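I've put the structures underneath this note.
Here subunit A shows up in two complexes: once beside subunit B, once beside subunit C.
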Partner chain A sequence: MHDLIQKLTALPWDQAPQWLFLLPALLMLLAAAAAVMLRNLIHCALCLTLSFIALGVLFIALGAEFVGFVQLLVYVGAVTMLILFAILLTPASEVAASNNPFRAFQLSKAINAALGGGVALLVLAGLLAAIFFSPHAREAVPPAVAATAPAKAIGENLLNHTLLPLQGTAILLTAALIGAALLAKEERPS
Partner chain B sequence: MMLQVLLAISAVLFCFGLLAALTRSNAIMVLIGIEMMLGAGNLNFIAFWKFSAHPEALTGVLFAIFSIALAAAEAAVGLAIIIQVHRRLRSVDVNAAHQLKG
Partner chain C sequence: MNFLENLPLAAKQLVLDLVEWICKWLCAKTGVTPPDWLIPALLTLVSILIVIVAILGVYLAMFALMSVAERKILARMQNRYGPNRVGFFKWRLCGLFQPVADGIKMLTKEDIVPRGADKIVHFLAPVVMVAPALMLPAIIPYGRGMIPVELSSGILYFFALGAGTELAVFMAGWSSNNKYSVMGAMRAIAQMISYELPLVMSAVIAALVAGTLSPVGIVEAQGGYAFGLLPKWFVFTPWGFAACVLFYIGALAESNRCPFDLPEGESELVAGHLTEYSGFKYAIFFMAEYVGMFAINGMLVTLFLGGYNAPCPFLEWIPSWCWFFGKLAFLAFTMVWVRATLPRFRIDQMMEFAWKFMLPMSFAALISAAAWHYAGRGAQAWGISALLVGVPYLLLGYFCFTRRHSANNRPYLFSE
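Moving on, here comes the complex of A and B:
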């Protein structure tokens, strides 16, 4: 294992072609498409996990190692596990959906999918037009220097410049997790 | 050009998330779509940090870290609400939760 890590780090990574980052990006988009299209919820959640792993690898490839590992820990380790547990705790039943008084006014599944797809395509076209054809798109972008975000510098920045937001986030996370536990708790008749 | 390719990738991911949030009627799939859109936002932060004039200021990296923390809080509360809705309505279909409709 140690030898393998040494061999991997000795490879000439800085001479790797620039398009290499497209591989995790492609994997991420394929997995995201599968997560949207698949019918089985468990398959959707597993494809989402794969997509998040590829996104973390992409972050690492772009030089933001710390964010990449945070992404892997938080999204892959925690959020998708939460989603899987929620899927297992909420088995599908057709009882409630069938006595919906608004059912007659609901659009059929095909129209719903067409409308949603149309809106998503419209947003995508707008975003791509803004990215590639806006006047700012022709401005020179500073060349990507070998930007790195060492964990030490991130920690110093967090504690020196963004201490208040950091503490706010800590309070928010605590409140959100206590609130989530209270919300999901079974109500006992007193 | 690299920056634009990255932004385009992030735009496609965002639209997959939007598609999931708009077309699926299962509340968990809506939440999955929202998570995808947040991931696309994080990718934008990292891309703009990588191609900024002062990457040593780490602004985009710090933004991405805070946004990941907020996304985790959002997912926890959202899934707790979904579990409570399922307990009351025996369904996670967003069309079944219509008591507050006017």
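Moving on, here comes the complex of A and C:
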């Protein structure tokens, strides 16, 4: 008993928080895999939500509080709801019907799998390249994540250095919103 | 004076000292020499546990009290008695033990899961509902130095967790496999998304003027007195008053209180997304709703009503946490009052009110707050910001409510 206590206390417990971030990471990967593989679309969407939540927890565990909370607010609060509404409001029969516009592009299963895998690899390669070639890759803590006021640092960065892309995104989103409203609103016969 | 102010923190310190003493006594008794990090780590854990237990105890006690107080106040306003039977043996105590009876009833009821229900999601929905609701109170400053978790972006934490409620409502509605559940859930989600925008916008206004996202910082920004007498709470400025009212209405809608209780309108939808829940799961939904209501009212107190600050300098001898809970109790009372007074909205009225009145109004209040800040926060700033809030208010009110909506002219967009 005494031996066991001695052995247990000799473990590097002070490094435990660094390894603890593996937990949400693993959860995120599992949930994402489940979101792809489950049959029921609603279950897929809920698993995707779990993956979003785990990603938010991961951000928080890595010290990016602000980004983590925004991730939860935007993805769990808005994007998931959008996905769920879209699933509920789309009749299931329409997707399987013969007037599927993508039918002409459907190839054999092997080619589909190869194409999908290729796209996934491309995206992964792009992400890795973005990480390795970013100017802050070699620094331990990126400068934007100032420990005291991360929200302030992010805001100043957004409005000073990347104002034009920000405004462009805003215009794009507004246009998309108006377009969606126009498409959704049916003209009523008078 | 100082004794009462420090009472909660002193009680916490007492428990910590006790635990430390027991640990040392145990070590001396068994002859084990623990590594020097063990006891501080244990004490940290214990202090976290104390805070959690205190929050849970206070909020659940408030929930129990509120459930009986609401019925009694409603009864008083409707000229009847309300629950006054339950008590111990022959002491009735005005029916104060009603929550105990309700709890026992809920616990012993049969838990029915519909045959066509999605069992896992049906089980998980109350969990997803109650977990964020119990995490919400963590960032509210209850008194000087009495905040459970001090986050630099606490406001954001609050609204990020609030998003979990929508998910839970959807899960409950969809998994029940009942058309009333799905319709109620759709209504509830539409309502929550619509009213979350003005809610967050008015919180942004308070954060903008205080210059910080931390709840403590916002409360501290409202400390002090103008002319040595008048409190500097945000609610006493033109933009702050507008934002406070908007936040209050948004809080009513987010916690599904009357007049925004149409997701659960029993005359139309049985009980909305709660239709297929019974027994303790129903009680958990109920509890999450009330805890969420207390938390969002606490946020309102923090953002606009000066948090734990006293209204006048000569009332500062009352402990800060008493002020906080007093304001919270007053807000809870007004919510019951509103419920006893106003009839339920129709769904088209509810949506129009959110998108055509509250959202533009919150933008106007935001601009007015910015103008107040840049005009120097003095008398001149007061006038400009009052103008910037008042004119949009009158215009929006005129265009939204006076022109079209007679009883004969209502749009049946979705029912024709």
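As a convention for this text, the second predicted complex is superposed on the first by the 115 of 190 C-alpha atoms of A that agree within 3 Å, B and C clash if a C-alpha of one lies under 4 Å from a C-alpha of the other, contacts with A are read in each partner's own complex, and residues count from 1 in each chain.
Convention: contacts are C-beta pairs under 8 Å (C-beta built on N, C-alpha and C of every residue); 3 or more make two chains touch, one makes a residue touch a chain.
What you see is a predicted model, and the numbers here were worked out from it, not measured in a lab.
Colleague: What is the contact status of A:42 with respect to subunit B (first) and subunit C (second): first, second, both, or neither?
Modeller: second
Colleague: So, A:151: does it touch subunit B (first), subunit C (second), both, or neither?
Modeller: Second partner only, subunit C.
Colleague: So, A:51: does it touch subunit B (first), subunit C (second), both, or neither?
Modeller: First partner only.
Colleague: After lining up the shared chain so the two structures overlap, which partner does A:27 touch, if you call subunit B first and subunit C second: first, second, both or neither?
Modeller: After superposing on A, A:27 lies clear of both subunit B and subunit C.
Colleague: Once the structures are superposed on A, label A:88 by its partner contacts, choosing first (subunit B), second (subunit C), both or neither.
Modeller: In the superposed model, A:88 contacts subunit C only, not subunit B.
Colleague: Who contacts more of subunit A, subunit B or subunit C?
Modeller: B
Colleague: Touch test for A:72: subunit B only (first), subunit C only (second), both, or neither?
Modeller: second
Colleague: Using the superposition on chain A as set up above, list the residues of subunit A that contact both subunit B and subunit C.
Modeller: Shared contact residues on subunit A: 66, 70, 78, 85, 149.
Colleague: If we count contacts the way the header does, which residues on subunit B are in touch with subunit A in the complex?
Modeller: Against subunit A, subunit B makes touches at 2-9, 11-20, 22-26, 28-29, 31-33, 35-36, 39, 42-43, 46-47, 49-53, 55-56, 58, 61-62, 64-66, 68-77, 79-84, 86-87, 89-93, 95-96, 98, 101.
Colleague: In their shared complex, at which residues does subunit C touch subunit A?
Modeller: Listed in rising order, the residues of subunit C that touch subunit A are 32, 34-35, 37-38, 118, 121, 151-153, 156-157, 159-164, 166-167, 170-171, 174, 182, 186, 189, 193, 196, 212-213.
Colleague: Note which residues of subunit A are touching subunit C in the complex, please.
Modeller: Its residues touching subunit C are 2, 5, 9, 13-14, 42-43, 46, 49, 56, 65-66, 69-70, 72-73, 76-78, 80-81, 84-85, 88, 148-151.
Colleague: Looking at the complex, which residues from subunit A come into contact with subunit B?
Modeller: Checking each residue of subunit A against subunit B gives 18, 22, 25, 28-29, 32-33, 35-36, 41, 44-45, 48, 51-52, 55, 58-59, 62-64, 66-67, 70-71, 74-75, 78-79, 82-83, 85-87, 89-90, 92-97, 100-103, 106, 112-113, 115-117, 119-121, 123-124, 127-128, 131-132, 137, 141-145, 147, 149, 153-154, 157-158, 162, 165, 169, 172-173, 176-177, 179-181, 183-184, 186.
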